[in-house]
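Look at the two complexes coming up: chain A is in both, with chain B in one and chain C in the other.
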Partner chain A sequence: MKFPTCLRFTGIRTAAAMLALFTATALAAAAQELRVATSYKLMTLDPHYSTLNENSSLLSHIYERLVYQDEHLNLQPGLATSWRRLSDTSWEFKLRENVRFHDGSPFTSDDVVYTIERIRNFLKPPSGGFQAYTKGIASVSAPDPLTVIIDTDGSQPTLPLSLSAIFIMHRDASGFATTEALNAGTALVGTGPYKFKSWRSGEILELTRNDDYWGDRPSWSEVKFRIVESPAARVAALSTGDVDIADFLPARDVEAIKQRGAKVESVPAARLNFLQFELAKEAAPGVTDKSGNTIPNPFRDQKVRQALSMAIDRGILVEKILSGFGTAAAQFFPNGLAGTSSNLTAQPPRYDEAKALLAEAGFPDGFKLVLNGPAGRYPGDGETLQAVAQSWARIGVSVQPVAVPFSVFNTKRGAGEYGVWYGGCSGESVDVCLEAVLASPDAESGAGALNYGQYRNPAFDEMLEKARALDVGPARDKALADVTDFVMKDQPIAPLYHFHHIFGYGERVGSYVMHPRGWTTAMQASPAAK
Partner chain B sequence: MALLTTITGRLSQAFLLLLVMSLIGFIGIHSVGNPVYNVVNIETATPEDIRRATELLGLDQPLWRQYVVFVQNLATGSFGTSYIYHLPAFDLVLSKLPATLELAVGAIVIATIAGTGLGLLAVTRPGTLIDRIVVTATVFALSVPSFWLSMMLILAGAVMTGWFPPGGRGSTVEVLGGDWSFLTADGLKHLVLPTLALAIPNVALIARLARAGTVEVKKTDFVRFCIAKGLSGRRILFRHALPNISLPIITIVGLQFGGMLAFAVVVETIFAWPGVGKLLIDSIQLLDRPVVMATLTFISIAFVALNALVDLLYAVLDPRVRISA
Partner chain C sequence: MTHQPSTTLKRRPSRRVCTPPNLILALFVAAAVAAPVLAPQNPYDPLQIFGWEASSPPGTIGSGGYHYLLGTDGLGRDIASCILYGLRISLMVSIVSALAAAAIGLTVGVTAAYFGKWVDAIIMRVVDLQLSLPTMLVALIAIVTLGPGVDRIILALIIVQWATYARVVRSVALSEAGKPYIDAARTMPLSNARIVLRHLLPNSIAPAITLLPIEIGHAVALEATLSFLGLGVPMDQPSLGSTVANGFQYLLTGQYWISLFPGFALFGLIAAINFAGEDIRRIWDPRNRSI
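Our next item is the complex of A and B:
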């Protein structure tokens, strides 16, 4: 079959022109769309169902908080423009004007009251976690549409910080919105920069730009989150340009990703992974002498804890196991963040000194222990157990590392079956971890929630309580740093590392601002300049 | 009457199977760990939070009572609410079904047609290069682990050539209450690699079965009689040999199809394919018991139904089965 030359030529030209046109429109449309592969599961659309990052990271597109934490963990005005303490037990929040919910109704103080009431009075467990942030609140009132007065039980100097966790919902005239209704995608209105479009649990979340947003115009017209739990699949999606951003990449794939032209950002996480010791029991589970006979709990001796911490090669952990995407740790948050101590820095291992300390404590020949930890929950968790085992072997402590799935680990740790184990703590500020991991456990106040080893130090408890009563600011930070200095001398835990969050982005994204709390949002990404 | 007995027998067997399966699943999940640690934020929750969540989920009750409650709820048609997603568990399974069905049906159709074709191609040319290639390639395809095969497909089909997306499910359209992706161009592109990853080992399996079956049948008297009678090779193959080798092939197709519905976990995970297998493995990891139980029940029913279907097809294909029944 042959066309006359001229006709064939026109045909090709038309096709080419149409193709060019098509490509141009496709590009113009695509330039505004952001596609993200995220590991965050997004289990529910109810913003008050669970405090896990898994939910709050993605829901922060739709809902906003009164106050939010910037990438230095400092508080910034969100839906509230300012806040002040009226008295020891009373706070006033001034709300932003001209903010509208996605359904067009104005945002007022009544919505704040509704939100706090919903968390306090309506939601029942297992939708837990958020009650912790409203626990100190005695009452909320709205004297005028742009003012909220919150009265607290006793002094709550960190109330704004607590509120930085709470998403504001719109008051539902027909009563409290149920989790089921929200999951069905109805009445899903917030004030955030992006509006809800569609969702399939554990699969995708689609958002569109909120053109009436009160702040700067959101950069992307459409945002599509694809939930991709396997890290290898996220790497593949980013390397082939199937997505523009992929979060939580494995450190070992970073070189390959860079070679394929994607950019990589990382930030030390505002968290710590550490080894924790059983301190309450007379005999620690899994700990015996070299021939397998039960011995009195060695961890109750401060010298043993110090020796064990001294004999950990943190350089190997961060350089080899985390491929450089980790920071050796000596305290809860990476040095430099608010409330950290500049006196504490990670030291290289000192095996001889550690061995001498062990001998002083009455264990010249060392002992045997089982080192427990989760597998695959945190970057480098399983391998860390192996590396620590090798380090400790050099001071005569023979270690059997045991890594199990996270849920199994939690069950056994909660049941007190472990003698020494690998744990993690994160939070919105450093005192959250100090209290959760090291304060004497107290069911009533909720202190010591992660203190599974039953570390009890009344002097520390008192210091921490005093520091936490101070207003947010340099004096509080200094006091928290001093508390950290004081307690780490006793070595109640052996800090290991702050792993880094590693994100990658393709050519359509100009920059991505990393957040130490590991959030993945479209707001952190700006489009590449054309 | 005989039919009725068969059906009642089948049903009571299925019921017993479901009962045993639910017991094993229930005890198994329980002994792995406490799901409450995946529901609350373990890095911030207080012991009080944990205790309240445990009570609300009914996990403070003894196991046998939890099981009784589960069976009671089941009698009212409810598998309970997912601990993690807070959605009705069986709805969650059903919502993943279209994704799994389109993957499994595609793979099994390819496997049956290509597998039988390759097997017959090889057997009609015994000892030739084609025969040897089929025999060697099928051994290779059967022995590579499916995660490696999936990785290689991603490497070749997505990373190096950019022909197909490396994972995920494409855009969907809603038909008959389900979201189907095979009806859109984007969806089809996304389907290619995972379907191949699931199909290739089965192509190999069926090709070997078809080849071996035909080799056996060729030696039988009736084929020799056909040859003596002067029938054409093609007529012998398709009219006489194929029905005789189809019984084992159908058995395998039925079994493998059931397996794909439930246990295509590796392929679904690597390709981030939101199917039933991935839901099952995720739910096991999160100890989301209602979803695990709903998925297991669904899978058991699917297997029982498929087996019944295969038996029915036996009767259609094999006159001896019809007569003895």
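Our next item is the complex of A and C:
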């Protein structure tokens, strides 16, 4: 490069070079902006306000956890590099060195103590959801800046799993941070790869790169999440290039999205959609004989439940209704994830056998029922009710499918107005769903929170409790698989499918690593190579 | 302007019954009545539906021996059968609701005109109030309050439509009520109800009859709209509107037939009713009567 002599030694050359460099950086920065259309309606910036994915997915950019869950739901080091049990009731966590919060202060064991205290002692309902994760903790202490000792009430083998849900906040000299203060955008410091920039509740979240991040340099200089609740609008935003990533796309739109040049990734979700039966009442609501007379609750007979589950054509559900983006289910999580049983796989429908079982149970002519469910809450929910109606008609059970908005459905289900209905469960591990959906309901311990059908099986309760007392690892996984085998023989629910999370991304994104729990984060996206 | 009776007579509009719109409408009605015979599949009977044949393109021959002339929807229902059965629902709902609304509107309109004063004022303000609300909004509120179901849709459509009849009939009844034969009737020892129903009403009925076909067309469209929004018929009883709605989500995927054909049927039905309504108006119009 030849510069005029007058410029050679005046420093202007340096300035010009710097200007060029600056422009290049600015251009590169624009190229490193990531725009995401997400269905996760972020309603708060308080990381401990609610355990909903809606909050934790997006807030995981700002805050980090001691322990992470990888794509197979196994635990990985996060802000803690290692952990071990000192005794039956005591755990030691070693923390990562040289980690700094966004305000520059170092991350220490005191911040962990503060976080757990905030959840246990400071937050009041309705923000008490995280207390479920700290329930078994008796005390937390910080013997040195990089060690945390947690003492528990009784044995807490899943403490690291519980901690994989909790975001670590920084201890502020001014006391506990209130939800209002955090929502106002003040004191919003975490250790995460991205820093908070701006936010409008339920609309937008903007983040910038944390250049001092302890791990690999975050890939994107700016990240902008736009909350787009309508799936069609997310499809449109991705198709027109308005965003680089769109999450939770409808299966039926996948072909059209691919035709327009976007790429699509999917993963079977760590969740189950199933049919649940009313088991406590003498007469199940909406269930009658063929001429409309009330009959004793047929679902209390194990044979009826088995017949109904056996007669569901799950192939139609996953191939036709979910367009192939679903896996037929026989248990809570897709086969292969930790704690699942290899003995349980979905079978094709066996109508003759099912009809014989119904006859044995005293219903040779079948009966009538109303099948309830939400409309538009889960992929394929409304259509599934009708497909199940087609299946059950073949064993003489006539079904009136009724789909209503989720809020209405949820209220009526809670009020016990349904006889049989479509439900769903997801969680960080399979025992969460086993306990929530099938354990005998107990208000005090919180067991059976989703057991709306009042299924009670003391033998199962005992087996589950024993399995949950084991340390996280292969022995526990095996025990949970055995518990699942045992309880599914009784058919307390009729599993339907694990739908797939379907994400799409445009040309500026090179790859996106899917997570079975359905996270949407910038960390999972890598920029396309130029 | 000079009066030329001869040409007026010659130019008198046709009062033929067998016009093309009337024939097309008759065809629609016949198809609806004969749906169980004509349709290859009963889309309300889950045993006749094969889920594995969902989303088949037009012309596919299914395992049950059905020839899916217009293809199947996302649950395996034959679109042609859905259209035939949907016509039944659409026509039944719209005709029943329009007749009922006409009956109510007539009675209310005539009553208002006959009694006048505060009765008229109150009734007509209620009518004005309802007519000032968007039809769709009233229908939506009615359905949300009453709950879903075919009978509820009919009720909602009656609620939406009666005011139009009342408004139109009242204006005619007002002029009739001032005529000598009504004054004569009033001098007789006749009850008000008898005068209104036997004397005033039959002479004020013409505008309501003119309005009827147009309102039936509106009712078809409104029922389809409600069903499209998922507020109408039960999900396992497809009507024209709900079939269009079912297919709507597949439009981008190339499965055009689910929405397109029921949409055509809906368009044809409403157009036929509107054109036929014009014929009916001509036939009923007193000025067109032969000497």
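As a convention for this text, the second predicted complex is superposed on the first by the 502 of 530 C-alpha atoms of A that agree within 3 Å, B and C clash if a C-alpha of one lies under 4 Å from a C-alpha of the other, contacts with A are read in each partner's own complex, and residues count from 1 in each chain.
Methods note: contacts are C-beta pairs under 8 Å (C-beta built on N, C-alpha and C of every residue); 3 or more make two chains touch, one makes a residue touch a chain.
Bear in mind the structure is a predicted one, so any value in this text is a computation, not a measurement.
S.K.: With chain A superposed, do chain B and chain C clash or fit?
M.R.: They fit: once the shared chain is superposed, the two partners occupy separate space.
S.K.: According to the stated criteria, A:Q400 is in contact with first (chain B), second (chain C), both, or neither; which is it?
M.R.: It touches chain C, and chain B stays clear.
S.K.: Report for A:G446: first if it touches chain B alone, second if chain C alone, otherwise both or neither.
M.R.: In the superposed model, A:G446 contacts chain B only, not chain C.
S.K.: State whether A:A80 touches chain B only (first), chain C only (second), both chains, or neither.
M.R.: Neither partner.
S.K.: Give the label of whichever partner, chain B or chain C, reaches more residues of chain A.
M.R.: B
S.K.: Using the superposition on chain A described above, determine whether A:L344 touches chain B (first), chain C (second), both, or neither.
M.R.: In the superposition, A:L344 contacts neither chain B nor chain C.
S.K.: Scan A:K320 for contacts with chain B and chain C and give back first, second, both or neither.
M.R.: second
S.K.: Nearest approach of chain B to chain C by C-alpha atoms in the superposition, in Å, rounded to an integer.
M.R.: 10
S.K.: Mind sorting out which residues of chain A both chain B and chain C touch, each in its own complex?
M.R.: Correct list for chain A: none, the interfaces share no residue.
S.K.: In the complex formed with chain A, which residues of chain C make contact?
M.R.: 45-47, 49-52, 54-55, 74-76, 230, 234-236, 249-250, 252-254
S.K.: With touch defined as at the start, can you tell me which chain A residues reach chain C in the complex?
M.R.: Against chain C, the touching part of chain A is residues 235, 250, 252-253, 255-256, 313, 315-316, 319-321, 375, 382-383, 385-387, 389-394, 398-403.
S.K.: Sort out for me which residues of chain B touch chain A in the complex.
M.R.: Residues in contact with chain A: 32-50, 52-53, 55-57, 83-87, 92, 95, 151, 154, 158-159, 162, 165-169, 179, 269-272, 274, 279, 282, 285-287.
S.K.: Would you pull the chain A residues touching chain B in the complex into a rising list?
M.R.: Against chain B, the touching part of chain A is residues 37, 41, 43-44, 46, 49-52, 124-129, 131-132, 179-180, 183, 200-203, 226-230, 232-233, 236-237, 239-242, 405-412, 414, 424-427, 432, 436, 441, 443, 446, 449-450.
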